[in-house]
Amino acid sequence: MSSESNAHVSATLIVSCPDQKGLIASVTAFIRERNGNIVNLEQYVDPIENHFFMRVEWVLTHFEIGVKLFKKRFQEVIAGPFNMTWSLYTSEARPRMAIFVSQHAHCLYDLLSRYQAGEWQVAIPLIISNHPDLEPAAKNLGIDFHLIPITKDNKKEQEAKELALLKEYEIEFIVLARYMQILSDEFVRHYPFQIINIHHSFLPAFPGARPYHSAYERGVKIIGVTSHYVTAELDAGPIIEQDVVPVSHTDRVEDFIRKGRDLEKVVLSRAIWRHLNRKITVFKNKTILFS
Amino acid sequence: MSSESNAHVSATLIVSCPDQKGLIASVTAFIRERNGNIVNLEQYVDPIENHFFMRVEWVLTHFEIGVKLFKKRFQEVIAGPFNMTWSLYTSEARPRMAIFVSQHAHCLYDLLSRYQAGEWQVAIPLIISNHPDLEPAAKNLGIDFHLIPITKDNKKEQEAKELALLKEYEIEFIVLARYMQILSDEFVRHYPFQIINIHHSFLPAFPGARPYHSAYERGVKIIGVTSHYVTAELDAGPIIEQDVVPVSHTDRVEDFIRKGRDLEKVVLSRAIWRHLNRKITVFKNKTILFS
Amino acid sequence: MSSESNAHVSATLIVSCPDQKGLIASVTAFIRERNGNIVNLEQYVDPIENHFFMRVEWVLTHFEIGVKLFKKRFQEVIAGPFNMTWSLYTSEARPRMAIFVSQHAHCLYDLLSRYQAGEWQVAIPLIISNHPDLEPAAKNLGIDFHLIPITKDNKKEQEAKELALLKEYEIEFIVLARYMQILSDEFVRHYPFQIINIHHSFLPAFPGARPYHSAYERGVKIIGVTSHYVTAELDAGPIIEQDVVPVSHTDRVEDFIRKGRDLEKVVLSRAIWRHLNRKITVFKNKTILFS
Amino acid sequence: MSSESNAHVSATLIVSCPDQKGLIASVTAFIRERNGNIVNLEQYVDPIENHFFMRVEWVLTHFEIGVKLFKKRFQEVIAGPFNMTWSLYTSEARPRMAIFVSQHAHCLYDLLSRYQAGEWQVAIPLIISNHPDLEPAAKNLGIDFHLIPITKDNKKEQEAKELALLKEYEIEFIVLARYMQILSDEFVRHYPFQIINIHHSFLPAFPGARPYHSAYERGVKIIGVTSHYVTAELDAGPIIEQDVVPVSHTDRVEDFIRKGRDLEKVVLSRAIWRHLNRKITVFKNKTILFS
């Protein structure tokens, strides 16, 4: 029973720490003693790293302490002693997302369709592009559109402008909807595991530019796409979702692109949905996906 | 090499008839003798019905006779003697499509996004709905939107109005983008194999209303959607495309709906693409899909 | 970290009961207080039925009480008060499985290949068939093969013989590897959720006989298979696993059978693997699959 | 209607040549004039290379010339003038296949199960291995098993032995059923596009050794396998079939291996089926797969 299924406000706690005895018992007792009704708990222990991960969700209706106090006490009583990394969210949050786009329309149109239809609990106040082409789509929905063209020479200062905008709009995470620019390491460092990219290949096959052309050249029988968090290394960040579609020798590169386009839309959206619903955590460049 | 891959105008001929010797040789010789360069040929013989199907595409650049004369001669020399059913299309055509919709936005938004992005060679001059909700989406793109509410009592006269509109707008085929009304047999008879529906189940499982709820009830581990031509019998017309997505016990009906929505968009669009590219023919309530 | 990943003997507890506060905290505290190191915990609350399910696995190395005493105390302290249904397994168990088969060889051969290769922790002392054809395959591996032909007239007494054999061989669960007989309600009642069947369709589409023929007739574009627990109602028991494969108009019934055969083998085996690894529980005719 | 569907002996002709006008018309007329009833024709033109490929199958019942004479005449009248590469097969053929294997049993067991069940029209007189482990499986079915261990030092002479055996047993094509040795270029040159390998990754991702471990390391969400013809370059030959299966963060390397094993069996077998049914041709390191 997740927060969406009812009117009750819920809290979601995501924790990780070195595995040790009593973790689950301690956390669940802490919540229970404050009259929290756990509606969802998922844990995972990485068998190689011996590291513990848990996502717990409970209804706040009769919970006896506020979020602020919870944070203080939880740190003192549980997180501190167990050496936990943790974060807390409530179901009322409406994260603020920016979209970066270039000239390919399909992912942007798809995101905006979902936004307009109210599929997600999200705010999209800002779209940034290095091309003017897709401005009308943004304007239609009353979303601010900023044109920030990037060249080899102006990258540093343009990224500074982008960071300023992101700050001004209080953006929490960024979606690269087929944005055809590589972000600098420094830019990425501002949004650790808060930048979601869609790469149009089944990574790690065909990283970099023109993957559909490379896939055609190689004669593969299946093509795929990959949504992942952006890190300093190109197309090598933690993978969130992947999906594939069969191709045949009768498909030309144009057909790869047409078939891939539909995958890109869907797989990018699945990643955003997971991110919004706090169903991902990252450890050692891999994602743990809560169900 | 299909017509899309180059600037050359091409012709596509689709024929079917009882199987007999010499069909391929006769048709290909007929085209060759008039200097047509065949760029694509696909044939299929139904092994039970012993019926022959073929799709031939050739470049018209140096073709020695016009379409009109071709039709006349082909009927006399080939189609008549072999007792063929056949149709001819040229790659210049831009078929006129109407969309019927109710209140679900996702399929309509997706179709209009593709229209706007120029993904298909199609004209969409008309949207008909039994609800006013989605009118703004139509207006945005300058597409005429007609509100035709249907009740038990007015169905006959409202369908007459729809047919009149379809005639007025010179519509060639209709897409039901989650249109929540059942078309009468008489209506369907006006557009044989020219009405494409998307049904949100893996037919023949869960025909009729609320298939996601039924799938949830049954506890299936995979859900699917089906695009098909509409015939007199509900959800029983020739299947064009199907696709599936895994579900688990943790997915609630809302999750089935969310996951299914993405499938519906994609599978409906695949069916329309095939229809537009003359890659379907129908025989005995089954489709033959050319590649 | 499941029991397979290391040499440590582990215990797996599966519980279910009406949802209520403190369930997870109570169970995990109970195990922790006896020095059990939980290596895996998965819980699920059915949002409609408000029913709670949990699977907990812990290492027995330093566990302070034996299995017998655990069962007694757990019932007194936890299961009784919370009104739980529960079962306990240890990783040393080697469940005894019988295979029922008719004339189709592929599923049986596949099961025996896995058995021979040591893929599973299982004992297969008994194969029962209504046809003599596959006896050599059993003999090769030293498995007892009993021929028990079934007719309309002798079903009751032949099933009695089968039940006697199952008892004699101390069989815990039964796999129907394309067994072409319908088991009586009475027979099924002896092995509740302990009989696994593979049905060669994507249930609930095409239940009963000759599903590939029906799928061909209908002109579907995807075929599937379903593994499920056998209940009194034919092909309507809780679904364990499903999978699908695309088909096209060029596939004849023989091709459906060929493609489906490979699916049947794989999907049946996945279900058996889950059953053996205690990763399934059943509630209201649906399975909850632990990961 | 392919040769399998009836008792009639059929011929299959596969041709390729630079694309030019009149190819289909000429070949089909040639067959028709000799009273051949074409039951299947599939053609494809590579749009980049402008190269033509065709597979034609016709019933030999009333065909007016024998295979030998056909070959002579076809070369003179059609293949010569059009500069065709071509080959002819009849449905009576029972190709002779050798299996190379190391210690992994699952692919071998699966192949032998199919052989025993009569799924394929093939003869398997020879199994070669660099380990003695799987000899019993061969012996069971009366297939000759030759142990040829390979070390760095003896590779050349051992491959010479293998080639001698292949010649002695009149082997037409070779299946590497998880054979853990790399064949030398010289060896491969003896069997151009007649050696089928199964690689346990979704090529071109993770070529070479231990792909499941690499996939686990990378944190992919889907794993795949690839069957391909062996060429001089490791894991870079023409791809025949690929398939995939989802994995999650809860899957350890052992689970990747378990899930992948089932894929390997099925995907290798699909490739062999295609090869046996003359439904593959190769051009510029890609396969054209006839349906």
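Chains: A, B, C and D, in written order; residue numbering restarts at 1 for each.
The criterion applied here is as follows: a contact is a pair of C-beta atoms (placed from the backbone, for glycine too) under 8 Å apart; a residue touches a chain by one contact, two chains touch by 3 or more.
Everything quoted here is computed from the prediction, not taken from an experiment.
Chemist: Going by C-alpha centroids, which chain is farthest from subunit C? Tell me that one.
Modeler: B
Chemist: Can you tell me which pair among B-D, B-C or A-C shares over half of its residue-numbered contact pairs with A-D?
Modeler: B-C
Chemist: List the centre-to-centre spacing of subunit C and subunit D in whole Å, with centres computed as mean CA coordinates.
Modeler: 36
Chemist: Counting only Cα atoms for the centres, state how far subunit B is from subunit C in Å.
Modeler: 42
Chemist: List, in ascending order, every residue of subunit D touching at least 2 other chains.
Modeler: Counting only residues that touch two or more other chains, subunit D contributes 5, 47, 248, 250, 252, 291.
Chemist: Please give the residue numbers of subunit C that touch subunit A in the complex, ascending.
Modeler: Counting only subunit C, the residues touching subunit A are 1, 5, 21-22, 24-25, 28-29, 31-32, 35, 37-43, 45, 47, 246, 291.
Chemist: Considering the complex alone, what residue numbers of subunit D touch subunit A?
Modeler: So the residues of subunit D in touch with subunit A come to 44, 47, 202-206, 218-222, 224, 238-244, 248-250, 252, 285-289.
Chemist: Which part of subunit C faces subunit D closely enough to touch in the complex?
Modeler: On the subunit C side, the touching residues are 4-5, 105-106, 109-110, 113-114, 116-117, 119, 140, 248, 250, 252, 254, 258, 261-262, 266, 269-270, 273, 291.
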